[in-house]
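One structure below.
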Amino acid sequence: MEERIIDVNFGPQHPSTHGVLRVKVKLNGETIVNAEPIIGYLHRNAEKLSEDKFYPSVAIFMDRLDYVSNHNMELGYVLAVEKLAEVQVPERANWIRMMVVELNRIASHLVWAGTMGLDLGMITPFFYTFREREKIIQLFEMLSGARLTYNYISIGGVYKDIPGEFKDKFLEFYNEFPKRLDEIQSLFMENEIFIQRMKGIGYLSPEKAMSYSITGPVLRASGIKYDIRKNFPYLYYDKVDFEIPTAKDGDNFSRFIVRMEEMRQSLKIAKQAFDKMPEGEYFNPLYRKQGLIKIKGKGESYSRTESPRGEFGVYVIGDGTSKPYRVRIRSPAFHALSATNEMVKGSKIADMIATLSTLDPVFGEVDR
Amino acid sequence: MIIEKGKNKDGTDYILIDKESLIDTLSSLKRDGYNYLVLMSAVDYKKYREVVYHLSSYNENKIIVVKVRPEDDTLPSATPIWDSANWFERELYDLMGIKFTGHPNLKRIFLPEGWVGHPLRKDYDLSKEQFVNMNDDGTDRVSFDPKDGW
Amino acid sequence: MKGIIKGLITVTKHMFRKPVTVQYPEEPIPWHTKRFRGRVILNLDSCIGCTLCAQICPNHADHMVHYEYENGKNWRKIYPAVDIGVCTYCGLCQEICPTGSIRLSNEFELAHFDRDMDYLPDRLSRTETELKYHD
Amino acid sequence: MNTIIWLINFILKAIGINFAVYGYYGQLIQTVLVDLIGALLIFLAAAITIIIVIYIFRKYMADLQQRIGPNRVGPYGIFQLIADALKMFGKEDIIPDNTDPLLFRFAPYLVFIPLILSYLLIPYGSLYHWLIIFTNVKVTLLLVLAFSAMVPIGEIIAGFSSGSKYSLLGGIRAAAQDLSYEIPMVLSLVGVIIVSSSLNLYTISSNTIPFAILEPIGFFIFFIAMIAKIAVPPLDLPESESELVSGFNIEYSGLRFGIFYLGVFGNIFFASLFISTVYLGGGSDLPWISGLGYIWLLIKAFIFMFIFLTLWIALPRIRVDKFMNIGWRVLLPLSIINLIWSVGIAALMSGVI
């Protein structure tokens, strides 16, 4: 029989591309011969926009990068500016930051779990994960007054202190969440169809993962124990007790296991941060009120943080004015996406969808 | 050849090298354990442009910054050393207009083909709006006329 | 087969749990806090026209306009106007205001019958409830 | 004589429409008229059933997902489907450029009409008490199989004539899936035919011992084949929303899309009726049991429907090649084993052994 290769464009409007990814696929029947991801449909050039804004205003754009883990994005930027402008941060603020960042990691992974279920044709886990995420968002709303774009972590601290009723809600969430997570996991983990769809699919070797600069859960699922929180501790990650889950196989199923386990570890960190939080100031008064436009720095600094998708870095260059000269963003999912062809070549269309969903790209951040 | 050595504000070491020794330096650094290309960025300092490589390691806790100033905006490509340099270099070409010789697929990555100018340059003309349309054969076309195309 | 049945049981268990959705316009939102960052509101009497809010605004939603209102402190008679269409409710204007005259209320029901998104100082100084009554 | 036809006849005569008095041709006209009204009623009944099934499905899914479900149109949202249908009628019927217009227009009816026709073939009640059987020819099972084999052809035609690559892939998948479930399904039914030595659904369903007990393997195969036939998750391969956007019906809009949509739910309910007729029959001579046969049938069918819906809600989609593997490498050998098994049972029952 004669082989006929057809070109199919998956996306930019497609139910399972997590936004506006377009994948140009060459298909032989249902087998993928070549897959070329094309990005840029959500490009806003946040790097250029940042250049004529004051330092605190740029944090607003960071919120819009990875719109499911906004606190992590803000933290990356704020740490870079704090290094640049030599800002002192009170201890309590750092603990609060750690807590919200870890809670946000859970929220982000929950979104991922739900949408991965949708990609595989399961409708129900999506509702359960979003129910849990809603609780986290309500906690965040209690803290910052916004539901999605928080603008909570500020240069020199955090904007508002933890309110009184937060403790009860947080402890309620802390006690209930592991049970709910087990429930959600039981829908996936032992399901034979799910295992068939995930085991051995989308294999990424550790060498290739390193060559593609992949970080985060995708790298750890390939068996490399690399986490910025352990390797280059920032905030107080060296003072809390947690583990970095890894898996050996490098396939979709390992990525699933790693992320599921990471949620449990994050909850552990958030609880420790909440317990270890000292009383005291939660912001540096020098950089509040009119101090917002007095943040100045000369030189360059690069901050490395572990976002839910991997290493999120912000490279800020200041020229001594109160506006940054250049802001450069390293987005983790960008690199995970660049290895798509490596993972999906030779597999079926359905496998490509599953693989793309385990990479967990968020296009606000990939396209910037 | 190392022109300048120093420390950045965040405490990392940086070296400024010349364009000819870039590939040699990068591959020798990779042999020394810097096997992780964290970030490639380009900065427009008006008088000259600078390409910055952040290198780190997956096994050890170290980081180094390599800077190079390309005259006439061309640099040798680092794709043989790291696969991730592929998209990094496409991005730098797209937004800063730095051409990498030896790159397998040097196309714009974010903006449509045919876009006029490179937005991250400091002399980019922000006053003109550009409109993107699709030709009949599926390629992109850019024009300054808002009424053009559909 | 065992895993499939386990999943089915998990799903069926949820039949006996209460729905978590809130029927919004009829029921109030139970978690709505006082801290919620809603529409910007301006106090005309204390504004000194320092333009700091317009400078810090990341989207240039906040801009200064001339407005005839005498409060004794604002001798240039310029007051902030906010284009609600591009406002991101980040709260930086509230943070930077030296007199506390611009702040974020917790009103979020901003639907009107006209499409005038640009809130001039006069409109900005009144709450949504007052505006609705006025309509 | 059928109860419903008798009722129609009675009502017609009561309001003064009676051609039967005008001799032979008058009687013929009367019969045709009564049959036409009966067919219309069946069509309406099927449409209403489908609407009820969709409503139940939405509420049931909402319940399992801790939501409320439709609750705006009418009390408890019961008129939501009518509102949806009105919206579908109001939509523009778009026919894209590079389609085959005739086949494109024709395909939805090829899916829907056989489905409605196959509703006519189910024996709803007993032959002796409250007769609610519309057609009782000797080969109803064959007719049902013939009608249900037409449905995938409609899907394939829809997929191929749309002129879109997604729908082409959906059409190919529909063909592949059709081939891999239909042969085991028919073979498992052959077992039933051998044991009951009849092609009539009424005779099969009034077998004293239900076939689910006599032939558990056949029942299992048939159950899986039914999930594949109705093409809902976990086996909604031709549609597979997250991979092929909407599969074979991607280019359809308005009323034609609505027909496909109704077809899915009509198929679910028909599959539940079919499986409970064939495999969970179990007739009885007692009049208070067999006289209320349609109630038992409905209860069984609803149980099966809820099983199908729960599977839809809870399970991920099987990959297309894996399902073909299951069809050819597991179900087909199993159905041949089942065939041998049922020959043994038939011999045992007829006293040969």
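A, B, C and D are the chain letters, set down in written order, and residue numbers restart from 1 in every chain.
Throughout what follows, a residue touches a chain if its C-beta (ideal position, glycine included) is under 8 Å from a C-beta of that chain, and two chains touch if they have at least 3 such contacts.
Predicted model only: the values in this text are computed from it and were never measured.
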Required steps from subunit B to subunit D (each step between touching chains, minimum): 2
More contacts between chains, C-D or A-B: A-B
Centre-of-Cα separation between subunit B and subunit A, whole angstrom: 24
Whole-Å gap between the CA centroids of subunit C and subunit D: 53
Subunit A and subunit C: spacing of chain centres that average the CA atoms, whole Å: 27
Averaged-CA centre spacing for the pair subunit C and subunit B, given as whole angstrom: 40
Sequence positions of subunit B contacting 2 or more other chains: none
Touching two or more other chains - residue numbers and ranges from subunit C: 4, 7, 10-11, 14, 20
Sites on subunit D at which at least two other chains make contact: 64-67, 313-315
Chains touching one another, given as label pairs in label order: A-B, A-C, A-D, C-D
Complex contacts: residues of subunit C adjacent to subunit D: 4, 7-8, 10-12, 14-15, 17-21, 23
Subunit B-touching residues of subunit A, taken from the complex the two chains share: 39-40, 43, 45, 47-48, 80, 83-84, 208, 210-214, 224, 226, 231-232, 297-304, 311, 313, 315, 317, 325-326, 328, 330, 334-335, 338-339, 367-368
In the complex with subunit A, residue positions of subunit C that touch it: 1-4, 6-7, 10-11, 14, 20, 31, 33, 35-37, 52, 55-59, 88-92, 95-96, 98, 104, 106
Residue ranges of subunit D in contact with subunit A within the complex: 61, 64-67, 165-166, 169, 172, 233-234, 236, 240-245, 312-322
For the subunit A and subunit D complex, residues of the former touching the latter: 6, 8, 14-16, 27, 29-30, 117-124, 127-128, 131, 187, 191, 193-194, 196-197, 348-351, 353
